[in-house]
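The two complexes that follow have chain A in common; it is paired with chain B in the first and with chain C in the second.
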Partner chain A sequence: MRVSERRSLFGQWWSSLTLDIYMQIAGIVLVFPAIFLLLALLIAPFTFIIWSSLIKKGETGLGLANYSWLLGRTFLPSLKNSLIIGVGSVALEILAAVPLALLLNQRLYGRGIFRALVTLPWAVPTISVAASFLWLSNTNYGLFNQIGLASGILSLPLAFLGDPKLAMPAVIVAHAWKGLPLVFIIIFAALQSLPSEHLEAAKVDGAWGLSQLRYIILPHLKTAIGLAAVLSGIYNFALFDLTFLLTGGGPSGTTMTLPMLEYNQMFRSLDTGRAAAVGLTIFLVGVLALALLFWLNTQDRKKRGLR
Partner chain B sequence: MSALTTKETTSSTVSWLRSPQVKAMWLTLIAMLAILVITFPFVWILLSSLRSVENFLSLDLRDALPRSLDFTSYRLALQRSDLFLWMGNSLFVAVLTTCLSLLVSAPAAFALTRLRFRGKDAASIILVLSYAVPSIMLAIPLLVLLVKMRLNNSFIGLILVHATFTIPFTSWILQDFYRSIPTDLEEAGYIDGASLVRVLWHIILPLSIPGLLAAGAYSFILSWNEFLFALILLNSYDSFTAPVGVHAYFTARGADESMWAQLMAASVIVSLPSVLLFAYFQRYLIAGFLKGAVKG
Partner chain C sequence: MAKIELQNISKTYPREAKPAVQDLTLHIPDGQFVVLLGPSGCGKSTTLRMIAGLEEPDSGEIKIGELRVNGVPPQRRDTAFVFQNYALYPHMTVAQNIGFPLKMRGLSAQAIRQRAEETGRVLGLEALLDRYPGQLSGGERQRVALGRAIVRDPAVFLFDEPLSNLDAQLRGDMRVELVHLQRRLRATFVFVTHDQVEAMTLADVIAVMSTGVLQQLGTPEQIYQQPVNLFVAGFIGSPRMNFIEGNLIAQDGMTFLKSDLLELPVRKCLPDLAANPQARIILGFRPEDAQLTPTGEVELKLELIEALGSQKFIYGRTSQGQQLVVGVDPKSHLAVGDVVNLTIPPDGMHFFDAETGTRLSRHQA
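And now, the complex of A and B:
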């Protein structure tokens, strides 16, 4: 049976080959173009960026000068700002996404349309997101100021993106808006995988409403929330466009992020070496965050296994 | 007697208020408010773009909503800037990026879901990792390399760079899609004596069309919306893509406050292709997550 199956599987031409060899060749041939293209476009830049991060501007020898510059006064504030944006926007996203997912998991009319609309910001180009936030927060004509002045909350119009104290919160909100769809989808998907028997059993045991949320739903969502937080956090941490378009790193450097610093080093200071060192740091922070998530999940699994 | 009837009516009113339909209505209302807040930034550029140019900068809150649909801002934005040219560039880049990434990721996704071969795990890992590399880190070395290859300020360079993030994405959607197609048809093909190439061409390809369309739509959106690489790699006015063109045009006229109306219209125009494609194909993305790897 198996022999005849194999014969027919390969047709006349291939009948002399074994299934394994055939699959091996076919697999490699089909995967090759995609992998080759990606490796060519990733490995070459990677090698280049590591190599150029070791060369100080104006010199030829290899050294760690660009990395020792990282310890100075320019780099650390940007690292702090990027971390604030990453952590702050993710906190907002999760605070919005969990209640939304719980709400849209209920029986209500037009659930499909609501779900589509929540994920809409993903498709809006960054340039339009930035235009919208710039217009809404405009000092003279923006809606936020108009409403604030008309309702008496504000006595003077605020320059949301031009004020050193307000610029960072405004940038965080914009990042959170753009990142909400991804976080929502991950959490919503996890919520849908919660077996309804668990909730039924909890009802029988007298767990309703908040205690259901606290003891059954949130523990079930823990892994998904962690994954969404790390993925979205890394993304917002490394995002260049939105900060560039909204504030350009200003006012007076209060929203200067690592991607902005890298861009300025490259195109204003024309210092490829320092830019490369900043770029590698951005990548390494992302890798560290992923490793942390992986470690936490393994610990969690071990703990549950021991019980 | 009368007390009894009153009690009955109240309890039936209470039970009606607690009925699933009424609860669903309340929840729908709350959901509508939440969605209004979430979609507001986009709704606002849409509403602003339709205001009349004369009272666009009016400080009266009553003028904030358009009284009638006024497309003057759209006409001005399209006439005065080179938006048509930039959209053409964007279209060219996005379509070719999409073709390239479908061409290489469809066979890869098929092999990764259907065939057993050595190197499969490595290939999957490369696909996942390449999606995790931040664009800003790649931007500088890719710029230097493309300058050396004389591919800077050319669409070929930009298309290749866009492929670094569309290929992992389309492969991911297509792998999910192939997992959802039953294997019966291909097996029937093999039993009838067809070779793998014939099965791929005559059975798998026709079945893949919905998956290819969805993956293609996403690849198109990613490439169309992309800003950073287009900003860095293209440096002549004629070769800008739509997002970079809009940025260049309006930052050059930043001090002129009458430009806001046109900027709103331009933002809507640039968003429309992505938003419409997304509206049509969003269920595929959500379905991918719902079936996918995330489990509690």
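And now, the complex of A and C:
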């Protein structure tokens, strides 16, 4: 129908608007609540944090003093610790989650119960995780030491969380335990989406056992493992409470993390500016990790002619 | 190259009441193109998967060549399997997909590439070797799957409805290619399909299956011309064979088929049956076997005309209400509402026991 005909039908100015324009107007009206929420919940606080990070404690002008402080001896060790916790715990999680997913994907008796058990730590509050971990690793009566001593692996009980050499590994293990469910679920879902025909084709083609894992299963899981690693890595990198409750950053600062540094700056030193600068760094590391992941995925998909 | 022998194979899936395959015995000579044909769910794929080792039979024996392969894992059975959805590895290029079976055999990268290129050339894939499956059309993917099968020269080729995702044109082309391929390789092909046209065009021998049971084994001509039971008779041929149930009665030296809806002289001798007027039998004749003649003994009023170009079928009803389909000269001028007379030549008549469904006669004069 031509525009002129339609105008004669309806006799209104708006009848000459095309459907496209109606849709565009409707679209703008409909996204308005979302834009408002975004502004109120994300952009405003974010702007405020950036603003705060530019103000040195006790001064009023804007500057980069808080950022130059980041280059000093307080911040960098914490950054390193947080990175170690993030990377280390994720490595453990994936090393545990992939075999678990493979196992629980088999036709096993009671696998439903085990799947539920593996995902349970996600529902346990961090304080309970920390409390049980403190109890398990206690020097005098903790289960770890008792098993170690009884089996002869240890000759003396270890202070897992009090020893500067052992505290970091212990904190990493605790994070891995807490973060395992997320990684497991992502990898398990990906594994279930692997068409059984691919495995069957591989079998007929002569691949089984480890070669099937290497050439068919792991390549299929690659994207999911990357996603799980980055998501859980960011989570553990930025997790405040678990380390805080286990070691409080000690012994002698060996487990001091960025979120804990931010907390200390904010609530102990009452230095909003430095706290904001630390917070932004945490955020930035997460964004960079995500960006890297998406970039890698996009490259991979492009190479394979997918969108 | 090898023969395949299935001896009294049965398979019931866990937690299923009915067996998927039941007491199947099938001997496939070396170098034959055998098609397993039957409706969806009749156990064709299960049979094929048991040959490949992807499923184990509950009982019975499977031999490939001289080797009993029960319990032998798929990777040691030397079969190639082409799946309906191709099952190409999405993270490997075409060359890598084709070369994968060789890689698993430990060939050098150079040898693999060379064989993949040769195979690619045979299948017209040279230009696509470094693409990924995601960058290929359905027909090209099908070729890659075929390439992955032929690259390593297996003892037997197994195909599970590999053409059903292709458009009609491509499917026709691929059929021809498959036949050529099989002739060239002289390999044993077992091909599963529910499409009778596909089966007819491809097969040296067709095995018709229904509800897990082998119904008939024979050449396409045998299956079409002498179906052993009602199932095969009804399944093969399109439109379906006409079936009329009734009794045979002998009268005045003639035999008649008497049903509620029709009384038909049967010029084919079935003396034993005619002697027993209680026996219910089913007469079947194919639409294309009936002939229109002015003296024909059956009168048919036309209700629908199906013109397919090279063929024309008329659907109609006798005055008593028996529905029949008849193939006619595609150039004939007929209209809905016309009344035609048709005759069924003795050669075109198939008789089945109404109770058991089995065929009652071979061709008799």
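Brief remarks on what is shown
Following the convention adopted for this analysis, the second predicted complex is superposed on the first by the 265 of 307 C-alpha atoms of A that agree within 3 Å, B and C clash if a C-alpha of one lies under 4 Å from a C-alpha of the other, contacts with A are read in each partner's own complex, and residues count from 1 in each chain.
Just so we're on the same page, a residue touches a chain if its C-beta (ideal position, glycine included) is under 8 Å from a C-beta of that chain, and two chains touch if they have at least 3 such contacts.
Not measured: the values here are computed from a predicted model.
In the overlay built on the shared chain, the residue A:Ser211 is in contact with chain C alone; chain B does not reach it. Contact with both chain B and chain C is seen for A:His220 once the two complexes are overlaid on the shared chain.
Of the two partner chains, chain C is the only one touched by A:Lys303; chain B is not.
Of the two partner chains placed by superposition, A:Thr139 touches none, neither chain B nor chain C. When chain A is checked against chain B and against chain C, the one touching more of its residues turns out to be B. By the touch criterion defined above, A:Ile186 reaches chain B but does not reach chain C.
In the superposed model, A:Thr254 lies in contact with neither chain B nor chain C. After overlaying the two complexes on the shared chain, residue contacts for A:Ser52 are found with chain B alone; chain C is out of touch. According to the touch criterion, the shared surface of chain A, contacted by chain B in one complex and chain C in the other, consists of residues 220, 222. Taken in their complex, chain A has these residues touching chain B: 5, 8-11, 13-14, 22-24, 26-28, 30-31, 33-35, 37-39, 41-42, 44-46, 48-49, 52, 96, 100, 103-104, 106-110, 112, 114-129, 131-133, 135-136, 138, 140-141, 143, 146-147, 150, 177, 180, 185-186, 188-190, 192-194, 220-224, 227, 234, 238, 240-241, 245, 259, 262-263, 266, 272, 275-276, 279-280, 282-283, 286, 290. In the complex of the two chains, the chain B residues touching chain A come out as 20, 23-25, 27-28, 30-32, 34-35, 38-39, 41-42, 44-45, 48, 57, 59, 61, 64, 103-105, 107-108, 110-112, 115-120, 123, 126-127, 130, 132-142, 144-145, 160-161, 163-164, 167-168, 171, 190-196, 198, 221, 224-225, 227-228, 242-243, 246-247, 250, 257, 260, 263-264, 266-268, 270-271, 274-275, 277-279, 282-283, 285-286, 289-290, 292, 294-296.
The touching residues of chain C, when paired with chain A in their complex, are 52-54, 73-75, 77, 79-81, 83, 85, 87, 89-91, 100-101, 103-105, 131-135, 148.
Taken in their complex, chain A has these residues touching chain C: 195, 197-198, 200-208, 211, 215-216, 219-220, 222, 303-306.
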